[in-house]
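In the two complexes below, chain A is the common chain; its partner is chain B in one and chain C in the other.
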Partner chain A sequence: MIRRLLTVAALAALCCACGRAPSWVEAARTANERADAALLRGDAVSALSALDAFADAAVPNTVARPDRRRVLQDVFYRLSELETLVDARRAVAYADRGLTLGEHEDVFTANLWVAKGDALEQLGDDSGAARAFARALRINEILLDATGVSP
Partner chain B sequence: MIDEDPTAEERREAEALARATPDAPVDAQEVAALLGAVKAGELTAADRAAVWRRVQAGPARRPRWAWRVALAVPLAAALAMAVWLGRPGASAPTPSPALLTAQTDAARGHAEGRVALERQMRVFRKGFLASLETRYR
Partner chain C sequence: MSRWLSCLALGVGAACAMTPRASQVGVDDHIEARNTAEELRRRAEALEAENAGTADACAQACPLARNVCDLSERLCTLAARHSDDGELERLCRDGRDRCGRARDKTRPCGCLKPE
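Showing the complex of A and B:
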């Protein structure tokens, strides 16, 4: 029994480890390019569906966690911003999905707070929006300090 | 001590006992022989106590190393996976001052800031994904 379980676990680990990171990164680039092209045509629906499909795709285990977080947070930021004018509740949900991947003092996390602030503002939740924008500004200030630019 | 084959009756009793206690650590033949010995009065009190201790002790244990291997293999695999997943990611390109300024404006609720942020992010994203493609090539 133990031997069988070990064999299955080893095979599963091997299969996951063999997931192709390059194709996932390529899929991220393609999804973003498709979204850009769709937005140039004024087709927000296609932009949303391209990014949404990528967000739901499995991430190979060979992708380092920080890379996974950054790529997906950027996609959720875009999804949230695109959804804000259509369905602000969904926009908040997209921002939250991105934030649950982990908060860091970087552009990706700050953008998610901006997107969440926009969506909450759209919903009429001004205090929630102010709190979200304040979180974004706090990170933004740290990043500006690091680059030596005064806001 | 036990030198006779079990009788048919003893065998039946042993099989019944084996059916009633499927997890018993001894097989039907041994039980049959044991019953035979008990009936023949060949087991001393000390023998009976020894048999009882053996039955209570349960089946013979697997060698300790087998459990160590069974635990060590998945633990080593989990550790290797944790190290692999926890390795640092590709260094993201440093955001440009223009991007950060646009982000400041967007976080202050300015509509033009949001448009500028998206424009700046398009450039930043391109560089970031290119660095990832190089890393994972």
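Showing the complex of A and C:
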């Protein structure tokens, strides 16, 4: 299973908009912490509810677009992965909402393709799942090349 | 110092540098040894920095290479369910090739077992 390479907590440290919109980044962190706590209790519904509320909240204009995309894509990835076992159609919709924010050759876009592939596989759409996994694979390969590691 | 000045005055500095007087040999050996030690220290520091850089690069590269190979496996699992689907077969083969390249690239990191 693909790993989450960045959490929103780590993202907040990278976030350029922190100085301008700390409350929004703080809200993202809080939503993730609530989801984590709910999952520890085995309460997936509350976890989904915490993340969904954050995803639907208005984003302040002061948040830079790249930061908005990264934070929301990370939340949609989590929503999609959590929803896959409950309602795979909604999981696909969450992944698509994340992808609609903009596709880039980064871990956020790759994670959304994996989440979409998981949901499509759950729905029995193996061809669609394979195409989604292949997109994620290529992004991971590009990111691997960028590390400069070579034999 | 006076020896160097007289050499420079004669315009034969290079020749003088190669023909030290006997009394100068001990000092020159000492300076050379010190320079060699300094050079070795610089090289050791450069090597250390290079190793640290490699470790950092591997820390980033290994999870990505694992993802490439995990996703390749998932593609092949899907392809195995539909042996008559050419597209899935192609995606599986392509994924395996990319996983192989990811293994090769990260060989210095030792994070993926060779096939």
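One rule holds for everything that comes next: the second predicted complex is superposed on the first by the 127 of 151 C-alpha atoms of A that agree within 3 Å, B and C clash if a C-alpha of one lies under 4 Å from a C-alpha of the other, contacts with A are read in each partner's own complex, and residues count from 1 in each chain.
Keep in mind that, in the parts below, a residue touches a chain if its C-beta (ideal position, glycine included) is under 8 Å from a C-beta of that chain, and two chains touch if they have at least 3 such contacts.
In this text the structure is predicted, and so the values were computed from the model without any measurement.
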Chain B versus chain C as contact partner of A:D67, first or second or both or neither: first
First (chain B), second (chain C), both or neither touched by A:E81: first
Touched partner set for A:D36, first chain B, second chain C, both or neither: first
First, second, both or neither for A:V25, with chain B first and chain C second: first
Comparison of chain B and chain C by chain A residues contacted: B
First (chain B), second (chain C), both or neither touched by A:E105: neither
Chain B versus chain C as contact partner of A:D126, first or second or both or neither: second
Partner chain in contact with A:N140 - chain B first, chain C second, else both or neither: both
Interface residues of chain A shared between complexes with chain B and chain C: 2, 110, 114, 117, 121, 129, 133, 136-137, 140, 143-144, 147, 149, 151
Of chain A, residues touching chain B in the complex: 2, 6, 9-10, 13, 17, 21-22, 25-26, 28-29, 32, 36, 61-71, 74, 77, 81, 106-108, 110-111, 113-114, 117-118, 121, 129, 133, 136-137, 140, 143-144, 147, 149, 151
Interfacial residue positions of chain A with respect to chain C in the complex: 1-3, 5, 110, 114, 117, 121, 126-127, 129-131, 133-134, 136-138, 140-141, 143-145, 147-151
Chain A contact footprint on chain C (complex, rising order): 54, 57-58, 60-61, 63-68, 70-72, 74-75, 78-79, 81-82, 85, 87-88, 91, 94-95, 98, 101-102, 104-109
Chain A partner contacts - residues on chain B that touch it in the complex: 70, 73-74, 77, 81, 84-90, 92, 94-95, 97, 99-101, 103-104, 106-109, 114, 117-118, 121-122, 124-125, 128-129, 132-133, 135-137
